[in-house]
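You will see two complexes here that share subunit A, one where it goes with subunit B and one where it goes with subunit C.
Up next is the complex of A and B:
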């Protein structure tokens, strides 16, 4: 049994975070009587929805061995665009359409800059983070803009008894899984992450894939922005600050390798839920507000350390196998 | 003769002031832009315009190193005084020492720098009093409630003095209530965190009597949670949750008008900005100024918020 789980964990990295989530949920259900309630589970999923949706887009980017620091700024600028457009035109259709198109274009612009100028994704998106956030502040004059009450349906409405944010998360997750596993874009995304040089040498459309991947992340960030705006009740200049790190943390916790090539959409969604679960648990336990960041940081550090440790072990085992095949006794023995 | 002499002196002083004023430039170093900060900055600009001063504004976007460099740049530009709202006390002191060396007076606004050897004066909200006003209102609203009273407190940033003082003041205000179970929810001034924290707090404590938001911009998020849980009951009904906040934004104003929130404390943003310029003016004229200058807020409820709309900086004009 243990071996089966271990095998599964080594093949499917998301199983580890799923198990960790189950264990944490088990602990919380023992220490807090209200944890195991339908409404609490719904609350956890609703709270996870924004981060999880963004994490799906980020999974694709990290799979290409890239990173996008500007997603929080895209979240903010598209929220600002929606709030401002709706205030000026009172047209939902126009505001929704422009917001989603702009979010996709801003993401794609990141991809375009990365492939055109061959600058590292970290530096490129750090620059665009500043540009996008500055543009939004300029657009709104750093003012708060309320959104109409009926928009609250996106944030706390229900369809067939399920909260709308959870439904949207489900749809985006299914689409994310489908594209990654059943389309050429998904295959190319992993291929670029495994080795961009090989992907280029085998004539894969690397540039187009990268632009599409960053564009997809922008698109889902736009969707997340609308949910967040509906839930928070209006635009505030603090929206999206630091969320990129939570999103990246969710992806890493979900088993996607920072070096690219390996990872799953499901893992990232569970990673986002896990992070919310930590906050939920600390809230339920009425923990001191000073320890929240410590706990979150420690969990992320542990996840990265485990990922690194397993990568080192995997590499050592591969090298040992290779050495054995070539007739050496292994790297250490060969060194003696 | 005395009258003529007096008139000449007064005229000369006014002329000198006009010439003097025309040459004065205030360097305004802002930590980052958000609604209430913009409102204070507008007060500064209005106060400066009244006196004929120029203002050079730089914004650090929450980056302490950037603010440091921006202050060095203001010194290089030869501004006559610096008004600063610091990102970080420790990082900024080096740049402020350079200002002192260049004989440029420094006044802190909105966020004090108590350990600074350079800052000559501070003007900002009396966050302790603001929090206490909200606390006392909550205590009065919950007077007579039997059994344990659960209050959710949405705390601002844990390292921000205004947030800390609002929290402290609120606790002082509710001190006379017996049997209080205070649930602290850290928000870091982020409404998304306030939203999830409030939701979790309500899950863990189904019977919450009151919510205090360190900034009223979190009140719409509280409204979302109450609406989610079917607990959004207007003022006056038995299940009503008493909601108060501090700031004075449009979010707070609308929440109070709609009856979702009970009361909010409105900061005197314009008065703070104008006082900051007055302090600069006094220092430049060689006058002695108080080290600490507080501008207390006013509490408004549904009964008097609309009538005092002009006093509420965030209310639509």
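Up next is the complex of A and C:
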């Protein structure tokens, strides 16, 4: 039994974070009687929906061995665009369309800059982070703009008893899994992350795929921005500050490798939920909000350390097996 | 004249600085005054010191995202110690020791446990910020000694004391990088890790040491931040990460390691300092400055990279 779980964990990295999430949820349900209710469960999923949706896009980017620091700024600029457009035109259709299209284009612009100028994704998106954020404040004049009340449906409404943000998260997750595992784009995404050079040498459309991947991340960030606006009730100047690190943390906790090639969409979504569970637990313990960062950082460190340790052990056991097969006498033979 | 032109060409940052200096002197009558330059120098000492640390980490092929919040954490802890002891020396030592502590943590995890620099320092970034806010309860630490406040206002020949401290650290770092075995080993590890290991260099120790170095610099920057602002503010370093990395890459130090220098970073810091100062004098709002900064960081990096690769081929 333990063997099968360990096997599963080494092949499917997301199983580890899923188990950790279940354990944490178990602990929290012992600590607090309100934890194990359907409404609290839904609340946690709703709370994690924005980062989880963004994490799905980030998973693709990190799978190509890239990174996007500007997602928080894209979140902010698309929120600003929607609020401003709706205030000016009072047309939902126009505001929604323009927002989603712009979010996709801003993401794709990151991809385009990265492939055209060959500057590292980190520096490119650090620069666009500054540009997008500045543009958004320029656009709105640093005011807080309320969004119409009907918009709240996206944040608090229900369809068939299910909160809308959870529904949207579910749809984006399914699409994310489908593209990654069942389409050529998904296969190419992993291939580029495994080795950009071999991908280029085998004539894969590396540039197109990279632009598409960054564009996809922009698209889902735009969707996340609409949910966030609806939940918060309007544009605030603090939207998106620092969220890029939470999103990246969710992806890494979910078992996706920063070096590219290996990772899953499901893992990232569970990673985002896990981070909200931690906040939830600290909240139940009445911890100071300032301690949250320390706990998040420590959890992230622990996760990468455990991952590193298991990788080292796996490599060692593989080498031992190989040595045994080749008759050089692994540790087992020596013991006999 | 020719060697001078060649010198200018090999440092694209100098061309940008010259253009900015000329442009702003024409556009604003207040720009070319000693008072303005003194203010500009003083305001950028923290970024300069922190950027030295980031440069050395970049040169070794790594990255340290925690520098910004380690500045905050060491400022807060140093502020608390100064409030208790009323001793500036104790505060300075504390700030550097706290920075070294965080640097050692990063260094051990990255150098010896082989964790990825990006995630490791992202995690310690969160931890350092949490510590800064928990210990200060989220507000500025009161009780800065008077001598410390004086130190923030001191200047010599129009150069603020805080900038002199930064310049001394620059000179020491330049010497360490160009004249010592350690500096050469850092460059080697950055340009080719594998080859460095085969040459018998203790690459793990070198990686450990660059993060330790960057941590120490972040600590010193935290102390200078108190001198500048008069108080230890828990969020003081948080927003500096973009500017620090921007200054390093604008100067021409790449993230791939082995290419660049601390001297170049001084130029990178100067570009962003002059730009911010000039745009402020012209009354450009901060959000438009963010756009200009972003474009400049991108173009500057591209320019430095193009010139660098042309020089090689």
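Quick notes on this structure:
Assume the second predicted complex is superposed on the first by the 308 of 336 C-alpha atoms of A that agree within 3 Å, B and C clash if a C-alpha of one lies under 4 Å from a C-alpha of the other, contacts with A are read in each partner's own complex, and residues count from 1 in each chain.
Just so we're on the same page, contacts are C-beta pairs under 8 Å (C-beta built on N, C-alpha and C of every residue); 3 or more make two chains touch, one makes a residue touch a chain.
Fair warning: this is a prediction, and the values are worked out from it, not measured in the lab.
Once the two complexes are overlaid through subunit A, subunit B and subunit C clash, as defined at the top of the document. In the superposition on chain A, A:131 makes contact with subunit C only, while subunit B stays out of contact range.
Of the two partner chains, subunit C is the only one that A:297 touches; subunit B does not reach it. When both complexes are overlaid on chain A, the residue A:122 reaches subunit C alone and has no touch with subunit B.
In the superposition on chain A, contact is made by A:142 with both subunit B and subunit C.
In the overlay built on the shared chain, the residue A:161 is in contact with neither subunit B nor subunit C. Applying the stated contact rule after C-alpha superposition, one finds that A:113 touches subunit C and leaves subunit B untouched. By the touch criterion stated above, A:249 is placed in contact with subunit C alone, subunit B being left untouched.
Across the options 19-27, 37-45, 55-63 or 181-189, subunit C meets subunit B in a clash only at 37-45, per the superposition defined above. The contact surfaces that subunit B and subunit C form on subunit A in the two complexes overlap at residues 130, 133, 137, 142, 288, 290, 292. Subunit A meets subunit B in the complex at residues 32, 34, 37, 39-40, 43, 46-47, 50, 130, 133, 137, 141-144, 146, 152, 155-156, 163, 228, 231-234, 236-239, 241-243, 276, 279-280, 283-284, 286, 288-290, 292.
The touching residues of subunit B, when paired with subunit A in their complex, are 33-35, 37-38, 61-62, 155, 158, 183-186, 189-192, 195-197, 199-201, 203-204, 206, 217, 220-221, 223-224, 227-229, 249-251, 254, 314.
Contacts from subunit C toward subunit A in the complex involve residues 63, 109, 113-116, 118-120, 122-127, 129-131, 133-134, 137-138, 242, 245-246, 249, 255-256, 285-295, 297-298, 301-302, 305.
Against subunit C, in their complex, subunit A makes its touches with residues 67, 113, 117-120, 122-124, 126-131, 133-138, 142, 245, 248-249, 252, 258-259, 288, 290-298, 300-301, 304-305, 308.
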